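These notes open a run of structures that come right after.
Shared between the two complexes below is subunit A, which has subunit B as its partner in the first and subunit C in the second.
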Partner chain A sequence: MDRIPILRMGRFLLVTLQVDMHDQLALRLQDDLTNAIQAKGAKGVLIDISALEMVDSFMGRMIADISGMARILDARTVLVGMQPAVAITLVELGLSLPGVDTALNVERGMRLLERVLSDGDDHRPR
Partner chain B sequence: MSGKASISMILQKRSADIQAAWMQQLTTVSASSSGRLANDELKRQADGFLNVLNAAIKSGRTDNIDGPEWVEVRAFLDDLSRQRALAGFGSEETATFVFSLKKPLFEALRLESLADPQQFADDVWSITVLLDKLGLHTIKAYQRAREGIINRQQQELLELSTPVVKLWDGILALPMIGTLDSARTQIVMESLLQKIVETESEIAILDITGVPTVDTLVAQHLLKTVTALRLMGAECIISGVRPQIAQTIVHLGVDLQGVTTKANLADALALALKRIGVSFTRQ
Partner chain C sequence: MATITARGEQPLRNEHDIVLCRQTVRHLAKEAGFSLVDQTKFVTAASELARNALIYGGGGELKWESLLDGIRRGVRLSFEDHGPGIPDLEKALTDGWSSGTGLGLGLTGARRLVNEFELHSTVGVGTRVMIARWK
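Now for the complex of A and B:
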């Protein structure tokens, strides 16, 4: 069974979603990611979805779930690289992903995480 | 002698009279409506219409103008209506083209059937029904042409009215002008999001100075745009909120919490510059 690679970049973890998710893959990713956060003491997770042309409600919920799980494990999640069409679809579906931080690309996301973590305060997502 | 045959015969026999009388009618109408049409043009149209009309009447059925015998007449009227719609004529003037034919025709019928009042009454009735139908067809065609023009203009307006302006490195502005509806907001949203990706901007200013009214629907559209921008990782500032609009929004109970709003574009730009860490000093 295929799995989604989780890359470590300093204090952060980078997950790039490229294929369409299904239940098994999503559960496996959640499992892998929570374990990785725990094992590596990561303080931030970047989820890169710039390669996705389409995000459905299942995907939206999965991202929100991952964000919630990471938060409990004291890691911030930033969703990066969403395509315009995807953003419009999500808004039309009524999924505004509250509580998930976003950035234009991985670099910006990284900067956001660094800033938030260096501030030390509990920066509430916009 | 059947009514149709006699009408057709009279039309042919008295065509010169009818034409002259009709031209007179048309020119009076046209003169009263600022004379946008040259007399030559009017004469050409009148001749053309009489020709196709005569041919159609001769071919038989006058009770059903949707039949194949009337194809040419319908095409002629469609064409005429479209031309007049484009030239800016009113629906009334356009329909009068057909209706003004009644008087000359009745006159011709009267002269031809002095001895037979019954026949005259029948003929007048069938001509009235026929011309009414043709007149209504003309109005319908005119309406269609007008709708086509309006649609095209709307489309052009849509394309004209969504400029995304770069104010600073990383700051985009979108001055919105005119009433916002679903179709426009969709295009605005798409072009703004696309531009955000292209320029890697992190702040977008939506300026609604040119939006005349904000109702719940417009507010909802604005909120959608803000949310979509946030999902992509950009921030949105709404500027140009007029006092009246602020009142309306609160009265409508629209929740703009979590959206940064400024009274004018200058304030919004100042805030955006501060956010990206640019500062100015007066020398």
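Now for the complex of A and C:
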């Protein structure tokens, strides 16, 4: 069975979503990622979608769900690398990804997480 | 009147077929000369409808046509299933309404992403959604 690799970067986890994921793979990632957050005590998750040429409502919901699950496990999620065409399509589709933080690339996403965590407001409800 | 320059069909029986459907539609959209944004919109609409056909219709098929209308090129897709059908079409085309576990964005979202949209459904027979986009 295929798996999406989850890399550890210091206090954070990095997941790179590849082109044309099938649904089961996306669902398995929810399991793997929440387990990894708990096992490694990660405070932040970066989901890199720069390789994705499209995000439909299923994938969008999966990303929003992961973000929500991570939040409950005391980790922040930042979605990074969205292609402009994907952003345009998502908004027109009606999917605004509420509650999901975004950054232009992995580096900025890391900085965002570091800033948020050092502010110490990571327990403040949004 | 648009002429059909190529046509084909492929099954929508499982998740991998949704991936294949996206690849086919991406290829057709590129061939028709769509911009990257238009390709993305069309592929995303196709992905929503392919998943609908699989989840709600129990599977079906994608029929595609490459179109030429004068100098205008376009692509028409038809997603057909033999599932239970949709009893209330108007309700099904309301944002946020879903009969299943989805977000209810599939049909309405797909409609916003294309130039032409037609929904035909007969309870007990199946559902056919036709979408088209022009360059």
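Simple rule for what comes next: the second predicted complex is superposed on the first by the 121 of 126 C-alpha atoms of A that agree within 3 Å, B and C clash if a C-alpha of one lies under 4 Å from a C-alpha of the other, contacts with A are read in each partner's own complex, and residues count from 1 in each chain.
Methods note: a residue touches a chain if its C-beta (ideal position, glycine included) is under 8 Å from a C-beta of that chain, and two chains touch if they have at least 3 such contacts.
These numbers were taken from a predicted model, which means no experiment stands behind them.
Visitor: Mind checking subunit B and subunit C on superposed subunit A, clash or fit?
Guide: When both complexes are placed onto subunit A, subunit B and subunit C end up side by side without any clash.
Visitor: So, A:Gln30: does it touch subunit B (first), subunit C (second), both, or neither?
Guide: Touch partners of A:Gln30: none, neither subunit B nor subunit C.
Visitor: Report for A:Ser96: first if it touches subunit B alone, second if subunit C alone, otherwise both or neither.
Guide: first
Visitor: Touching A:Asp20, do we find subunit B (first), subunit C (second), both, or neither?
Guide: second
Visitor: Taking the superposition as given, does A:Asn105 touch the first partner, subunit B, the second, subunit C, both, or neither?
Guide: Only subunit B is touched by A:Asn105; subunit C is not.
Visitor: Using the touch definition from the top, say if A:Ser57 reaches subunit B (first), subunit C (second), both or neither.
Guide: After superposition on chain A, A:Ser57 lies in contact with subunit C alone.
Visitor: By the touch definition at the top of the document, which applies to A:Val80: first (subunit B), second (subunit C), both, or neither?
Guide: Only subunit B is touched by A:Val80; subunit C is not.
Visitor: In Å, how small is the closest CA gap from subunit B to subunit C once the two complexes are overlaid?
Guide: 8
Visitor: For subunit A, give the residues common to its interface with subunit B and its interface with subunit C.
Guide: Overlap of subunit B and subunit C footprints on subunit A: residues 83-84, 86, 88, 92.
Visitor: State the interface residues of subunit A toward subunit B in the complex, per the touch definition above.
Guide: Residues 79-84, 86-88, 90-92, 96-97, 102-105, 108-109, 126 of subunit A touch subunit B in their complex.
Visitor: Spell out the residues on subunit B that touch subunit A in their complex, using ranges where they run on.
Guide: Residue list for subunit B touching subunit A: 186, 189-190, 193-194, 196-197, 200-202, 224, 227-235, 258.
Visitor: Which of the residues in subunit C end up touching subunit A in this complex?
Guide: Answer in residue numbers: 15-16, 18-19, 22-23, 26, 36-37, 39-41, 43-44, 47-48, 51, 95, 102-103, 105-106, 108-110, 112-113.
Visitor: Name, in rising order, each residue of subunit A that touches subunit C in their complex.
Guide: Against subunit C, subunit A makes touches at 20-24, 53-58, 60-61, 83-86, 88-89, 92-95.
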